[in-house]
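For reference, the structure discussed in these notes is given below.
The first chain written gets the first letter, and so on, giving A, B, C and D; residue counts start at 1 in each chain.
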Amino acid sequence: MGDDMRCETSEELKAFVMEAKQYTKNGKVADYIPALGKENPDDLSIAVHYPDGSCVSAGEIDKKFTLQSISKVISLALVLMDRGSEYVFQRVGMEPTGDPFNSIAKLETMAPAKPLNPMINAGALVVTSMIKGKSVEERFQRLLTFIQELAGDETVQYCEEVARSEFETAHLNRALCYFLKQHRIIEGDVEELLDLYTKQCSIEMNCLDLAKIGLVFAMDGVDPLNARQIMPKDIARICKTFMVTCGMYNASGEFAIKVGIPAKSGVSGGIMGAVPGTVGIGIFGPALDEKGNSIAGIKLLELLSQKYGLSMF
Amino acid sequence: MGDDMRCETSEELKAFVMEAKQYTKNGKVADYIPALGKENPDDLSIAVHYPDGSCVSAGEIDKKFTLQSISKVISLALVLMDRGSEYVFQRVGMEPTGDPFNSIAKLETMAPAKPLNPMINAGALVVTSMIKGKSVEERFQRLLTFIQELAGDETVQYCEEVARSEFETAHLNRALCYFLKQHRIIEGDVEELLDLYTKQCSIEMNCLDLAKIGLVFAMDGVDPLNARQIMPKDIARICKTFMVTCGMYNASGEFAIKVGIPAKSGVSGGIMGAVPGTVGIGIFGPALDEKGNSIAGIKLLELLSQKYGLSMF
Amino acid sequence: MGDDMRCETSEELKAFVMEAKQYTKNGKVADYIPALGKENPDDLSIAVHYPDGSCVSAGEIDKKFTLQSISKVISLALVLMDRGSEYVFQRVGMEPTGDPFNSIAKLETMAPAKPLNPMINAGALVVTSMIKGKSVEERFQRLLTFIQELAGDETVQYCEEVARSEFETAHLNRALCYFLKQHRIIEGDVEELLDLYTKQCSIEMNCLDLAKIGLVFAMDGVDPLNARQIMPKDIARICKTFMVTCGMYNASGEFAIKVGIPAKSGVSGGIMGAVPGTVGIGIFGPALDEKGNSIAGIKLLELLSQKYGLSMF
Amino acid sequence: MGDDMRCETSEELKAFVMEAKQYTKNGKVADYIPALGKENPDDLSIAVHYPDGSCVSAGEIDKKFTLQSISKVISLALVLMDRGSEYVFQRVGMEPTGDPFNSIAKLETMAPAKPLNPMINAGALVVTSMIKGKSVEERFQRLLTFIQELAGDETVQYCEEVARSEFETAHLNRALCYFLKQHRIIEGDVEELLDLYTKQCSIEMNCLDLAKIGLVFAMDGVDPLNARQIMPKDIARICKTFMVTCGMYNASGEFAIKVGIPAKSGVSGGIMGAVPGTVGIGIFGPALDEKGNSIAGIKLLELLSQKYGLSMF
């Protein structure tokens, strides 16, 4: 499986990007946050990071984008380290759901009102509420430091403009939070939680950094560049499992069949891929399909998976 | 991953069975079908089939059980060969669902009323309706022959008593069928479809046969005993993907995290496992947990997965 | 309230019909049953029946139409007489619902799976299943005789063509029945129940007969023409209550506000009105609005209610 | 209908209270707001107000209670005067619902996300958001003045302790508000709206005042004591219609059948009744049934309705 993945040159990767790029015109840039709406829908960039430290890339690789839902996997890893899996999974489930990522209806029909998994908004909010720290600042700093460590890039920061814009318009997430607070799934101040959550979503980087983070998940939590175990193997595996069962919104099942690698997408157009034991992948393509995934990014992964036999199944 | 799975002796496997067997007392044998209710809740048997043709086993391995929902994966494979994936996935989706396997509500709120995946009853009924053949008899015979071929056992038959009993009490499945017929997802006579479907669910075998079928899925559709490609590689992979995302009812997400192998369970207490490229597993343990999975069977797979590192993630 | 309702001449009523008739062009004749689809969308007829035996009418008053959902009120009255209200309301609820009349989803989320009220299809099927009699024929004959008595017209029959057509296409009602059978809300043979139910829905009459039936409900179960108590006062009142809270599908609330009289509609375009202590009304206008009510019929009742102060509220 | 309702003496009413009081032991005082939890579950008081100005009463008639959901009818009346029915019903529906009063699920499955009616919390919040005024203070003062006018009692005030307590724990209502804000059904600041809404719910009075308000609704908006038209007849009728179709939470259908008068309840244990053209009724009995209605209060109304023939149907 995938042992032979190796785009010998970036030229080879560029050809794939050119092919996938044709699909951008069928997608649409997310416009519910003004800052996201400014992106160029034709952009498509990719970086592939190998355990030996080498990296091939193609497209507008310097462009930064915010993590959005991609951050859900990383905050989950941090919280599993902070609290242990027993504590965490008492508050958020492990099951995929056929509902949209921002749905509230299932919370009402389920008893208890525990979100089905950490990749839907309700579950991700519960996860973020469990990050340890005395203040929003301390908790955010801990998450940011963790992400800088994973990316091996201390310059990673969050975009204040996007964070502020999302905070102001996050009424649906507010609704989810208050519903969860009513049912005692989350505690504490909702506005503080949303402050932390929108900052988390607004952490920005380029596809090279994202590929590096994917690589750490792929290598069971070890950073192969310095042989450090950044997170326990078990936690890296739990995260990859969620990436397969619910990482691509409610197109996760189709993605598992057509591509077959653990991946997590965000409405910014980013996708992080983690091929177990093999490579980390970072993609940025802001034109989205109707499920909220990068339309050309998915196509690009499909092409790579078929060419190099990346599917786990 | 798993390359080193090898219970040197059946003795080793027996020890795992003894440990897992303690959990049977927390489960309950399915009683909604009288024939199922007669099973001994303490039973637990397992067979592990290797590509080299060797097999280790433990427990009451001669006991036969009906496939029930395990048959959903096999009928899917046959139908994908009969019709092609484009035709099939126009009629049934690829997405996991947080709802119970027999739920009808989502069919009403979705437009079109296409079942979310082939592992829930609604989806499996649509799949069975697509098996080619001129009559119920011919269609059933084609499925049975396919299963005999996969198991490498021409004596596999169905249990008439269970089939009849299920046919007579299948009111919920009748409701699903008529709902799907109303929305033109299925065509033709509903009673004939239920006749075919309940016969399919009532095909019976022991855990050795089941392990052999799992092995063919594990080996990408090839029967390693005679090197025949029984189903195309792509189809074997699609089936394994569904086994991961929705093979264990709505405990699939938890199973993927704790065990991490493609598997499909049935309310008879059977579980078929297919570790990619490695082994096929057949389990029978009729005491079920509240989600409808063999309670000791899941425990047994968890022990094996941890011991031999079988998780794909 | 309404004591002064008295269209002195049919001429006055004709003027209202002409005004309401303009709305027929915004509606559509139900076409899911071929026999219904043949109706002339421009038709609009009305009869108003007074307790003194006089009657005014306007429009194509000789045209016959099938009762469809209007029959649900009448079968409820018969079943309340057959079984008593305690028995009946253990099997069907009394609460209005915001869901469409043919919805199945709520049955699944409620425990027990008892239909919310007798005016939605699920509830009406439960009601019809409680009509006493040894065979479908006897049970149908009892219902038909009851309807003939209410209408004071022994020639009332059912339309075989419509009954057969509805029976053959009643897949959604079959789904509801089997779901209810699974949950033991109904017993016995489903096909027999559907035979009885579709015959019930296919009983046909003109608006004069329908106005007469409405009058009996209006007069608390007494036929003012012969002073006979055809049904107990309590039962007539229960029926009128359901007509107010859920008689006009899920436009019942709006109808109660704008018109304010107990009424029951059917997809054939019929509406039966029962102004307590005052008049019975029968309307036929096959062009339906998107909720399934006669579009011009509702307008006509609105005009009459405003003119003569018919609202109960 | 009801013209002869006349408890000649308060003695007669006391006998009814004694009979109904036996049911208090089957109910429970609402405890989710500490201030409500302090009430004596055995209390039961009633006042009946006649158009001629006379009033009979029984029980602890001096005890004050907060209006809670009863206030929804009154704010609706004010908003219909402020904005007109077209404006109002573009933002809130007219249909009863089978869901609990605090449900959010239906908002998600409906498009647009318009609350089904003004008696469920989501709808009542939309209504309160439409009260005219430049500030929370001005808007609340306008509502309070209106209520003082209806009650004919300038001393009516709100209970600050209850308002504060409800404001602090109103997480479910916050969730509803933010959901509605996301869908642009409400505008403006949510905390301000909740401040206004919880004050509205905390307006307190005794059953004599409440009976007087019921009388104004019963008399089509006219205060019979001074012959003033406090609200237009149409609006009084709309309010009474909602009281019938959805005034008693999701026990409204059963109440319409068993009692048959327009009524609105609150979780404080209050019930306001308005028998059209006849009497106003105020009840206080804090022990609630599982639907949230005063358990002995409903029984008392049932007894009165049967004795004096108060049902509208």
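By our rule, a contact is a pair of C-beta atoms (placed from the backbone, for glycine too) under 8 Å apart; a residue touches a chain by one contact, two chains touch by 3 or more.
Owing to the predicted nature of the structure, the values given are computational and were not obtained by experimental measurement.
**Q** Counting hops between chains that touch, how far apart are chain A and chain D?
**A** 1
**Q** Note down the smallest number of touching-chain steps it takes to go from chain A to chain C.
**A** The least step count works out to 2.
**Q** Determine the centre-to-centre distance between chain C and chain D, using the mean Cα coordinates as centres, and give it in whole Å.
**A** 32
**Q** Roughly how many whole angstrom separate the Cα centroids of chain B and chain C?
**A** 48
**Q** From the mean C-alpha coordinate of chain B to that of chain D, what's the distance rounded to whole Å?
**A** 55
**Q** At which residue positions does chain A touch at least two other chains?
**A** In chain A, residues 109 touch at least two other chains, as defined above.
**Q** Can you tell me, using the touch rule above, whether these chains form a line, ring, star, complete graph or other shape?
**A** Contact pattern: a closed ring, each chain touching exactly two others.
**Q** How about chain B: which of its residues touch chain A in the complex?
**A** 1, 93-99, 106, 116-117, 237-238, 240-242, 244-246, 250-254, 256-257, 260, 262, 276-277, 311-313
**Q** Taking the complex as given, what residues does chain B use to touch chain C?
**A** Against chain C, chain B makes touches at 103-105, 108-109, 171-172, 174-179, 181-182, 190.
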